[in-house]
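Chain naming follows the written order as A, B, C, D and E, and within any one chain the residues start at number 1.
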Amino acid sequence: MSLDAMPPAAGAAPAPAGSGSRALLKVEDLQVLFPIYKGLLRRQVGSVRAVDGLSFEVRKGETLGLVGESGCGKSTTGRAILRLTDITGGRVELDGVDVAALEGGELRRMRRRMQMIFQDPHASLNPRMTVASIIAEPLDEHMALGRKARQARVGELMDAVGLREDFASRYPHEFSGGQRQRIGIARALALDPDFIVCDEPIAALDVSIQAQVVNLLEDLQKKLGLTYLFISHDLSMVRHLASRVAVMYLGKIVELATREQLYASPRHPYTQALLSAVPSPDPAREASRERVILTGDVPSPANPPSGCRFRTRCPVAQPRCAAEVPEFRKLEDGRQVACHFAE
Amino acid sequence: ERGADGQVNIIYWQAVSILNPYLSGGTKDVEGASLVLEPLARYDETGTMVPWLVEEIPTVENGGVSEDLMSITWKLKPGLKWSDGSDVTAADAVFTADYCMDETGGCQQVANYADVASVEAVDDLTIKITFTVPKPVPYGPFVGAQSPILQAAQFADCKGAKAPECTDANFGPIGTGPYVVAEFKPNDVVVYEANPHYREADKPAFGSVLLKGGGDAVSAARSVMETGEFDYAWNMQVEPEILAQMEARGIGKVISAYGTSVERFEVNMTNPDPDLGDLRSTVEGGPHPFLTDPKVTRALSMAIDREILVEAGYGAAGQVTCNVLPAPDLFNSTANDWCKTPDVDGANALLDEAGWVVGSDGVREKDGVKLSLLYQTSTNSVRQGTQALIKQMWQEIGVETELRNISGSVFFGGDPSSPDTFQKLYADVEMFTNNFDGTDPEKYMANWRCSEIPSPKNNWLGGNNPRFCSEEYDALVQTLAGTAKIEERAEIAKQLNDMLMESGAIIPLIHRGRVAAMANTIEGHAMNPWDSELWDIASWSRAK
Amino acid sequence: MPLADGAPLSRAPAADPAGEAPVLEVDRLEVVFDTRGGAVHAINGVSFSVRPGELLGVVGESGSGKSVTMMSALDLLPSPPARRTGGAIRYQGRDVSSMGPKALRKLRGGDIGFVFQDPMTSLNPVFTVGYQICEPLRAHLGLSRKQARKRAAELLAMVGIPSPEARLDDYPHQFSGGMRQRVMVAIALSCEPRVIIADEPTTALDVTIQAQILDLVRDLRHRTGAAIVWVTHDLGVIAGIADRVAVMYAGQIVEEAPVAAIFAGPRHPYAAALLETIPDVEGERPERLTTIPGQPPILRAPPAACAFAPRCAHAFDRCHAQNPPLADDGTGHKAACWLRPETVAAAEAGEGAR
Amino acid sequence: MLTYTIRRLAFAVPTLLVISFLIFGILDLAPSDPTAQLPLTIPPEVREKIRLSLGLGDPFIVRYFKWLVQFMVNEPLNILEQWTGWTIGDGERLRVLSWQTRSPVVDLIVQRMPQTLWVVGMSYVVGIVIAIPIGVISAYRQYSWFDQFGTLFSMVGFSIPTFFTGLLFIVIFSVTLGWLPSIYDTTLVVEDWDSFVAQVKQMIMPTMVLGLYNASQLSRFMRASVLDNLNQDYVRTARAKGMTEKVVLLIHVLRNSMIPVVTVIALNLPQVFGGAIITEQIFRVNGLGQLLIGAIEGGDIPTVQTLTFIFAVLIVVFNLIADVLYGILDPRIRYD
Amino acid sequence: MTDAAAVRPDADAAAAADAAAAKRRHSSPWRDVWAQFSSHRGALAGAAVFAFMLLVVLVGPFIHDVDPQKLDIRAKNQFMSWEHPLGTDNLGRDMLAQVMAGGQVSLAVGVTAMLLSVLLGTAIGVTAGFSRRLDGPMMRLTDLFLALPLLPLLLVIIMLFRDTLRQAFGPESGIFILIVFVIGITSWMQTARIVRGDVLALKEREFVLAARSVGAPGRRIITRHILPNVLSPIMVSATLGVANAIITESALSFLGLGFPSDFPTWGRLLYDGANFMTLTPDRVIWPGLAISLTVLSVNYIGDGLRDALDPRIRGR
């Protein structure tokens, strides 16, 4: 079944029909600043602008890819949406509820609906807990299940992610990376969430195992109608998995488009550079490929460049870029780009 | 010849804090100062008063003491010089008395100046002290190491409230003694050098003295008798077998002499029951449930084998005694000598007779009251040994004992808020040593008058820890104060002693001597229990 | 030391490496780890060689023994638990294991440079970058402090770090990941080694940074003519820079061939599967990603059968009974699989038996 | 870093005031009494007078503020006068006077400082000098006989109290062999070779006794820290650069391993100034530890208060020093 | 889903042989812990020595049934003999009986006081490390306790609590509680500092974040995720704590805070015996040996336990 021609989310066959266009998550002008304190009185002298005015939506049942260089604020975005860091400004709406405004018990109840899969399958599992207790932790927190029911649910979850049930009393270190990531996924699924933030779930895995995990995520989405925010810097995986892709640079989204649009004809110079840097597993193509070489490193998010944040490394930068912040605008084909020169 | 024998090293395991005996009554401080500061007269090793800075001891016979016992006149030896070369005059003595009697100065020897009306310098060498009451024994001021003469010139600006601020003077007094202070590190070490103006030209033989402090008694003994680093160590409260082993090395020896110190039980005549709250161990709280019965206390005393206590903890430093007043000989009663031989059967019989029957747990009881005692003392390994021994001895007569030891700084410190002071006596019996200065027991025996009972009213001040109260005893003390003849005084003192023994308020255990360790090479020292141990340091010398 | 004046450093033209004698040869290497759970046979008869100016790519699944092989080339394995049970490593014909400590030290850092996988932890956090670059310069080349510093600055400039003089006094944490990896490269290059071993040097880096490093290496290789062994599991990287590729599985090399040949037609099922698993940013997007089912084995004993057999779709009886030798088909394309006629032939000829 | 330091110091002031108040409160509550050391022959009324003359009649708060003024204002002024030779005011300032010696406590402390620093400080140095190689070698050769022996040594060293080792040393080296003096001579002035030898001789036993005790603890820390670092990637890098094992171990590993150990050392350094009560007693070093214990036993509240307060200041300051040191040793850490 | 299903059996095929073993191995986590513990040679030896000492101390008095407090002044300072296997002290008390009786007290005090101090230190360290708000106050409290003059503090404690406790629990248990309390509250600071440092690092770890993301409240994060992972430094503190408590107990008796003076403990025996070192060396050798052996064995047990409780090591 080829999805290429169809609108992406609708193609996910068993997902509830008609839900394709409804926005499950709406992020408006999200801002996360980490304050920098200095001086005798610990006055705040500035802040790391980790996430600086993001707006996007994720539709029910779809996968939104979020890509960008290391340190551009991808993880912070994911954590902010789940309220794992404090939000400085903006709204995060999940199914109409403003998550940013929730506190205490309400937030805790909301956590049943939104979960996270972490980057490092080794670091995100407590080495002293058995697989069963790791997976059951969310159950213990939110549902008063009996011992039997709990055990049954853990078994069900392990089955769903392809782990044999008799591994339940093993410890994380006894598993391979891919299996560990499955444990993390099972934990995230335990409460039947609607929405899952996948924070680089495959970055730490071996290539052949990456494919297993990605396939698993896809299967689960189909079966359970999940909605993903898939954070990665592996552009080829994002291409495979996501229906729409957002490209971040230094705390801002520079381009947001459907997969086909983005990979076929990137509009933002940063997106272009990023795509051209991906090596291709084909010596012939690799030799002929034209590449946009970026120079220098990412500027510090504590002191971002004026105007367009990308201008310091941009091959097509003009004086205008330094003076004016490019608007995040919609082009006629529906994609959104933050560049003065894109059309 | 002066200075010919080099240095003598002395170790005091309690270090000297200050060299002004008026600002610290601690024995170590008084004795440290005694190398420099001297009194007019002092006691020799036999307890006899000997003239020191005077020609003779004033008495009624030689006219030095007035017939009405209201004044005493001392005559200084002529030609005495301070170590800075100036002359010693009667004015210095007058100043000294003023210095100590100044209310704001916190003088710690003020008891020596009790009842003094005035001190005058009749002439340069004559000092006259007048008393407010007749004094049969008028040898308080300027006698003994506690009451030496200070140089008026040095301390002129240090009177009253300023006394503590004169650190230089307090740390380096100018005196008439054989030594002057060369270096003083408080609570650590004093270095003395021979006084160039000392009145006897060929003394002292040692050019310098090092008086080191700190540590404990055993290691002090070791430094004299095992390593030979020191020549003399003071106050050897050490188990006898340890001393014996050290002595066997042949470098040093243990010397001792007996004064008036007695290790004793003071028996609580009032009720220490914690349930009484504030009335605990007060006369108002009522008598002790069983210790007021002389039969019980006598049985307790009879059960104790004092010889064993001596053997285990004291050796040459202790003798069995049955009196709280064991010395001088003239004052030693023989009426209580039954206690010298232990008699467990007799004690058992006595308790049976008094109606105390042995219960199932081996403890005697009567009317629901058990013969169970809380026995407290200060922390010190010999005392804890004694405690253990006595506990076992009492067990044999069906008395149960709980032992408690309390840090000396709490036990002997009179903090009224502490439950553990020896005055509060929140226990049934307590054990410690006491003695008196000089050779006259009048003040000492006056301790056990009814008025001296510590209680909340007097902020727990008072020397009558057993809370013993007898009008007869009080009257007898009064009589003693008015008696001048020494034989009569001795008789009265013995009677007082016997009354205490019979009542059971005090159970004497051991007559303790002063013990020191001394290198075999030191000569010319006579152990003196009545005055500073270093009283004769001017005549010490090293064997060639 | 003409590095400074930008003159080409090539000791040998990179043009035709095949004609020269190999600088580094690994010959039937076997390594065992003694763990609490018993011995682990991590490397089982790995052989390969590189010639000056050649870049050999080594790929393979995680745990297949890539790092262990490279480390044993410099005798860097912690021992215990590592134990070399067989084989030899020859640098310019000399056996590394029989070298004395002094010669070995000269080899390490002097003749063979090493770039490690994780740039975040491979630099000592408490010494300045300058100090760490100068260390081998002073030890191997005997430069004075001043000379070494000057040279270090040149090296930093060479790996493309702006204002190198100033950055010498910075600490590693003040560098970004890409810059740190460049520092590692600078250290590896510092003594003009004839061989550079790079163990997954870009795995932890971003694509854009990775692209920078790859460019740097391409450039260097042509300028210095050093032989390079490049370990990775990213076939895309290999496709871009390698001359030859060796594919490792379970402590053995299962296929070795010129890079174009292997991408054109992998001969070992594992290599084929590996090529299929990776998605691409271009071209057709597959419905599902291909996976290699199962996990690599933990070898408690040297493999008696083909180690890949349990995961292989084409496995037949012989695969479970006998370990195939690595055999050359005459074009320099070697594979170890019973499906290959040359393998069968080689086994029958009795050569290459492991 | 500087502002961080200043800020920490500024916050330390109220903390220390609270601590000083609490210490004073505890000392006041404690039942020790300044007259406890006097012979019982001194009658109770006189004792009471002595107590009053020491100011014990004043209410608690008054005494606390008196001390505070004396210590915080008068003593610093006095030191200033001594250093500069100026006269500030009429010079009639009441200093903190010890009850036992009636002399200024600060003078006593100054007098005690040298021997404490020499003996206890040196023992600390000895401890470090012994512990570091033991820790490093134990870790480097983990589970070797050396390592096992090191464990044995440190555990026995830790479980045997200094009063016992001190005595054992005296019995062996002073009594039996007669090599070393058992009593420390604080009047010894080092002016020539002989007196230097004498000084060294008298320091050997106390420093070793304490040093071994310190070493037994520190070597455990060191071992753990080196073990942590030996497996780090940068160690492998250093080897790959062709560094000798000596350089790898003594430069790369040691420097990193020292970071946590140095902070432990710094955190425990105030104890040097607190003196070593038992060891000082045994060898009669009569340093600050002996001063403190003597003052406590003698109920000498001004001395105890002043000493413990200085000790508290040192603890707070060394906490800060440890943090700052961490920042200096570990370039990754920045406090602002 | 089709090939995901296919993956599973295959994935496990490789580990098939392992799996059976795994099943056996994971039948009970405590059996695992024991299995790992007993494979640690040092730990086993430590446990054996400790058990032996416990046995001697608890059962010994029934075999060698001499009253440790019984004095026999005629038989003082004796060397080893059949009647007194470890000799006698200077009051003629049997040393073996004293060492055994003292062991009961010392071991009890050592272990309980250590537990208290470790509990306190851990609680304070974890609180300080976990809560940014409480960090300052808690660490200042630690400074305060480090700065407080111990002796006067102890004297105050005795004064305030001794009689109350004595009345409530009787003289011996009252004192026991007091001693344990005193040692506990004066020796937790080092533990607290170490634990705090570890917690600070630990709370930034991803699995703690993961626990927060499933909505686990702070207290559960502490008990499930933080505490088990700071076990290792706590173990070290605990080992040193036992030695410290045994020695401190003997020092306390000199303040009149300890047990009654005729109540033997190892620390006390060692202290009392020190002066008799040259006369009757056995008086110091045996209690000293007992203390050292206890500390050593506790150290090795701690090592073994730490390994046994760490599944990462256990699996290897």
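Everything below uses one rule, namely that a contact is a pair of C-beta atoms (placed from the backbone, for glycine too) under 8 Å apart; a residue touches a chain by one contact, two chains touch by 3 or more.
Everything numeric in this text was worked out from a predicted model, so none of it was measured.
If you apply the touch rule, which chains end up adjacent to both chain A and chain D?
Output, common partners of chain A and chain D: C, E.
Skim through the chains and flag the pair connected by the most C-beta pairs in contact.
B-D
Of all chains present, which has the mean Cα position farthest from that of chain C?
Chain centre farthest from chain C's centre: B.
From the C-alpha centre of chain B to that of chain C, how far is it in Å?
90
Taking each chain's centre as its mean C-alpha position, how far apart are chain A and chain E in Å?
48
Give, as an integer number of Å, the spacing between the C-alpha centres of chain E and chain D.
The mean C-alpha positions of chain D and chain E differ by 27 Å.
Centre to centre, by mean C-alpha position, how many angstrom separate chain A and chain B?
88
For chain E, what residues touch not just one other chain but two or more?
Each of 3, 7, 11, 155, 159, 275, 278 in chain E touches at least two other chains.
Enumerate the residues of chain C that touch no fewer than two other chains.
If we look for residues of chain C contacting two or more partner chains, we find 288, 291, 295.
Using the touch rule from the top of the page, what residues of chain B touch 2 or more other chains?
407, 410-411, 417-418, 420
Where on chain E is chain A touching in the complex?
1, 3-5, 7-8, 11-12, 19, 22-23, 26, 29, 205-207, 209-217, 220, 224-225, 228-229, 309-312, 314-315
Using the touch definition up top, name the residues of chain A that touch chain C in the complex.
Result: residues 1-4, 69-70, 176-177, 206-212, 214-215, 218, 233, 235-237, 239-240, 263, 273-275, 277-287, 291, 293-294, 296-298 of chain A touch chain C.
Give the list of chain B residues in touch with chain E in this complex.
Checking each residue of chain B against chain E gives 218, 238-239, 241-242, 245, 274, 308, 311-312, 379, 381, 384-385, 387-389, 391-392, 402-407, 410-411, 417-420.
In the complex formed with chain E, which residues of chain D make contact?
Touch list, chain D to chain E: 15, 18-19, 22-23, 26-27, 29-32, 151-152, 155-156, 158-161, 163-164, 167-168, 171, 175, 217, 220, 224, 267, 270, 292-293, 296, 304, 307-308, 311-312, 315-316, 319.
Spell out the part of chain E that touches chain D in their complex, as residue ranges.
By the definition above, chain E touches chain D via 139-140, 143-144, 146-149, 151-153, 155-156, 159, 193, 236, 239-240, 243, 246-247, 250, 267, 270-271, 274-275, 277-278, 284, 288, 291-292, 294-296, 299.
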